[in-house]
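So, here come the structures, one by one.
Shared chain: chain A. Partners: chain B in the first complex, chain C in the second.
What follows is the complex of A and B.
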């Protein structure tokens, strides 16, 4: 019996003939890598922003960030792309795991023969390869594998109920541990620096936070921005919009880190930290009209260059919109004063309550000073000019904010309607909400804008916080008419706004007349934008200036006007925001210096 | 698995038991217990197949972690036995007498981490890194970038740029000057 089995059993192997082989049919030509194999690189060129995180992490120095013709350098994209040297690459895939956008992946291709050794150094995605479209290979494992920390450190803030009738600053500022943890998220790519209007050295001051070298961070900030207490609080933070970390998570809280550094240096330590003085070794003097961000920034840099600087300010205090526009709960006066006091301490002279054009003429300044910089901003509120706006209880937001900042009483009624969707609209809304709470114990404000919420120009946090403070926001409505009965305001008629701008980007709102609403109120405030008041330019000066067809003043790259002694910057020219003003002031200061040395013409 | 682990626990000091997945359980034991435990598992618990031996360098704790993976072909389950040994003059009892191929893994760990297994056959011979003249490369203090730069000369012609500096040159070099 056993003999028969011995004879037959080899034949049972014949069963296997019908089975699929587990081996590869043609191993010489066909050797696919496993689905997660780490082979040659692929890079999605459109998605890559050239941040260089791959180069920084590469453990073998196999990656270099190189120039490529196919990609342009622009805000948020360095234009550089990683080149991989396969003589060094060890296929560890850390470059893929750290990639800030997820553009870099590894294909599962690992076989490549070439007689030219130089061929093994190439730029994935730019130099086309057969594996560019391979779906398999090593990708960043989703969703919970991440080398970068996606969430920013949350900023402690006063809760809505604590703040609703108080003007105490809402944002509390990072602690040491929080700041270091947030700074630690920065990958030090420097993409933000080009976008910052002042080109602040952001990676360097974030490194200073990480390394707890705060005085050094403070000095770094002052190189490009002498108002860090202000910008650490209310900067429009364009830098954060292009932050590499923002592609897959929260951008680094750059603004809050700046504030952390600024707050860490005590007012009486400024001199010791910065060690600056005005050498006053130049015999030229400069007049600055308007002590806002532009004027203060220019004054600071001109003083350090050794010029005598005299500022003329229409209001009783310096700061411009920073003091008379932005409410105290966003920017406390002591923080603003800390920045301003230091600039003035460098021997900058300032004359308050002096409106140029009224108390002294610009021509007189031209005669007395070697150069004049004007940064008078946008302080004249614009009107919707709808029927009823001439009523005495229709106000301009900027006028009320200014009066309130001066400590004067401002009108406040029980039911208020506000028109506007920008930050000024939010500022007046939230200021009045606090005052209503103080006076009437409740908020009754309707704030309406042409723009729907997704395109409202106000910062999202302003919108959210206004809502938390119980304001009734009504975005997407166009004001039509103010209802007035017996000379008393009853409210505002509106109709649905379908779009605000036409396809050329021009302001041209379209309405749906069939959809209307009525917002009740006994007082109405317009906050739809501000215009400039340049009535101080006499006819002879004005005739010597260039204007665009649309009436904008023309200046050169250094903010020098066609009247070469006259420099113009700030909201009148660019922005409007504080950081553009600071950047303009800095550049104008350099322009003035060049002009006074005979090195700058308008052209 | 639970019943089986309880029995093991009665005989050996094991801790940090973790069921990584249904057919793989990991636990940690003391350095001195590893070889007796492996012997017990092989001879009495059906873990007759040795899968692999590997190491992790926990430089901050000044420890190497050794992981032995065994397989029970009958029950189709894996066990991972971990133990920690000091980094300095790192040395571990050899397990090559249990499975012949362990010697190969131990030779690899000697080369890559510098962990000695006295008595293990050919443990001091070169394994993978022919002509290696530096510290064992899987030790975390080994600077792979420095080694790479010194050993593999860069291809000529390409130049690396710092993204921030490059953007400054391209977009705004005129706006920004160091002022002292």
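What follows is the complex of A and C.
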């Protein structure tokens, strides 16, 4: 069956004798990996934030987050860096693809000889390697390649025209699907938890959203924050500022997820959801001055620890700045009441309309109670003290907001000028815009601040929403003088502000006198910050306290003052914001407990 | 496509060798094979599987009569017992038991054959697996879906991309995501490149199994060129980890198209050379022709797929029968031959190799320049796949290769199981084929079935 051809044809292989060899003579030097080759790891240590997404995705367990001497833990950086074990690594590069900052890459280097087997476990970027500056190798493919969703789930909100004369809450809240989709984006790095002043267990309550175990999420929140309805709406969300997802996309909407959990539990379900035992025998009693976030938070934890708590509040309702500073469209009173009512339901006694220092002295409280916590906040508006501020139609934002919240009539004119670039300025601006709309059918408000828009302390969303509500924002101008004619305010003279702070970070605004403007208005409101009123501290008490050179009160880590029975927290110590107040209250409560057990001294 | 055009494609590649398309076996796999098969083809005198006398499950053991059975006297072979298996009386002194494998150059991986021989002829064969169990399928149950990707492709080392594809496609199907068009083209490109590099090993490997080593080196060289292309495109040479749920991990590098097309010329050249030294080699022909016959009637009974079925006259290819990705936009025809022995199966693969090179060229010219290569997918760390189950299959170089994926709605798969062609080719079919063959041909028969033990033990 074999043909002659079948015998001869195999000999054509001899043709190869005349061909050049195809082998590479020196493969180590002549054969670099391809430009996209997945070789050895590189890590840009400055860019890396130690979020650990690489460790989480690594299916062989080759990556471990370790502490390294070269990196310090700070806000937004866990201080950990990935250590790679090449006994396990399969070079899939999913770690690179999921890296939240893009710091982790692979070089195209693939030859590494070492006698020591331990050498192959190393921390890229820290342990210097010859391929550290290799530009080739696997980088996360751009632009539309992601292993996560970069954009956050948009929060449904009232449109500008719907809200411009209404005090109904603007933000509508996530639906179940929206909340789960947003919770899914979380990579569980915990940077948020480290940064949150109250150290709320954010990754865990986000997981609870994902797993639809909302009551568990609610319990997790109450461990560190008894005002979740409030924080879910108006928290300054330091957590979101450091969110790992924020490096290449939108940070997780942590605040909205908190709100979603808090809203999911009905007022009458709190007891069932939290399953807290309220100790009956309360042999020691504590007085709390001021029913704001600090006081309420401390009252909650102290009540659960078995202390009898009595609160003294100058205003007719509890909540402090949360009620009297923040407009209803941001924080509706029913949400606030829900949180407060639960705290009061634990047996916390509260005496309204009682101003300590006037209606009752602090010394009296000291005598009657085992310990006193003061959280009186910053309710005294500061003035620019420019010529004209003594006019009767120059108001303080906090005063107007307080009066309006109490249901009292506040003055509204047709043309208003507001000075301030923070959230309080935005609050008064937007409140008055609504009232102008209701009264005059149009908005005529000019809000000016020293800071330009990029450095304005107000939240960007506040700024954007104020614009949508037709407010005339004028950032970057310094107020010089109020123009008054026939005892009537005509407007505000301003100069271009070049810088607000000097090199040392001190407030020292510089102006360009050649650039001026004039903002017309017949009423002027200052919202440039608030100061504390601690006149209730009698001389004897005050003499026993420590103050810094700049007049700030000094307390220890547990907010205990030098007068050891007296604890001071909240905006007058830290902040100013709600979450610091809550965190201070929690810590002060623990401090008071330790103090009363004899375990805490002021040092 | 018109019949003329079909035949044009194949005749351009293979001249008159290609079998005409009017194929009597060209029918769905679930058809009753017993009735459709050509019972007389075996040329023997005994029963044929699927015919009336052999309808019981064990019947294939009584069938020792096909056209390659050597001359023998009835006494030489043990008689079948009630269970249809040969009853070997080892005390008779006529028979010897030998083990081939698990480590042996004549097996295709870690599995073992328990052979009962009489002289150098096999009278009974049992296949043993269990040497390679890595527990992949169980591991998957403890992995996030995205983490399954770098593991699943290790279930079949030499042709890992099919794993990547079927897994990604299954996840996409369950979660209602569709990969963008460009990703589909790139997936096809990688799948075909993967098939090609595999065939570049197996085609000359058939010669290697008979001691003809020379083509193997040539094949390996061309395969390295393909691996270079893989390295450029995917960042890896063997484990590409290129496809993942949602799409692929990179676009074509600059100049890739031209380089790849040029490399295909090497493939055609290699095909010509292997044709000269292997297929037109009197020794190879003598050893391979008639050896390892698969009766076409066994095809459906044993679930024979891929080139093994196509060499037995069955026009069976998932890419044509159940087109996936964009295979229906390519012009090509499935090679089918009839003689169903080792030589024919090697030849089918040789034809496949060139068809594949042709497909790669077509794909390269059709990959769109613009467009995304990955659809947005949720956070890989929390990706929960909706409850459901699916079976996704693709044509690997060995035939239909599929994953059955069950999701319980969590972020971890409830069950992933692989069904590879070797599951029957290397166990039941091999046991049957080895009887009455020469012990020297065992290795060649395994290679001709392209058995892959890793896909038996997952």
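Just so we're on the same page, the second predicted complex is superposed on the first by the 572 of 603 C-alpha atoms of A that agree within 3 Å, B and C clash if a C-alpha of one lies under 4 Å from a C-alpha of the other, contacts with A are read in each partner's own complex, and residues count from 1 in each chain.
As a working rule, a contact is a pair of C-beta atoms (placed from the backbone, for glycine too) under 8 Å apart; a residue touches a chain by one contact, two chains touch by 3 or more.
Nothing here was measured: the structure is a model prediction, and the numbers come from that model.
Applying the stated contact rule after C-alpha superposition, one finds that A:98 touches chain C and leaves chain B untouched. Of the two partner chains, chain B is the only one touched by A:79; chain C is not. Of the two partner chains placed around the shared chain by superposition, chain C is the only one that A:210 touches, whereas chain B remains out of contact. In the superposition on chain A, A:194 contacts chain B only, with no contact to chain C. Look at A:59: by the touch rule set out above, it reaches both chain B and chain C.
By the touch criterion stated above, A:88 is placed in contact with chain B alone, chain C being left untouched.
Look at A:45: by the touch rule set out above, it reaches neither chain B nor chain C.
Shared contact residues on chain A (touching chain B in one structure, chain C in the other): 59-60, 90. Here chain A touches chain B in the complex through residues 50-52, 55, 58-62, 64-67, 73-75, 78-80, 83, 85, 87-88, 90, 117-118, 121, 189-191, 193-194, 199, 203, 223-224, 301, 304, 557, 583, 587, 590, going by the rule given at the top. Here chain C touches chain A in the complex through residues 143-144, 146-151, 214, 221, 228, 231-236, 239, 241, 247, 249-251, 253, 273, 276-278, 280-282, 285-286, 289, 372-374, 376-384, going by the rule given at the top. On chain B, the positions that touch chain A within their shared complex are 144-145, 148-149, 152, 154-155, 157-168, 170-172, 174-179. On the chain A side of its complex with chain C, the touching residues are 1-3, 5-7, 9-10, 12-13, 22, 33-38, 53, 56-57, 59-60, 90-94, 97-98, 106, 138, 141, 144-149, 181, 183-188, 210.
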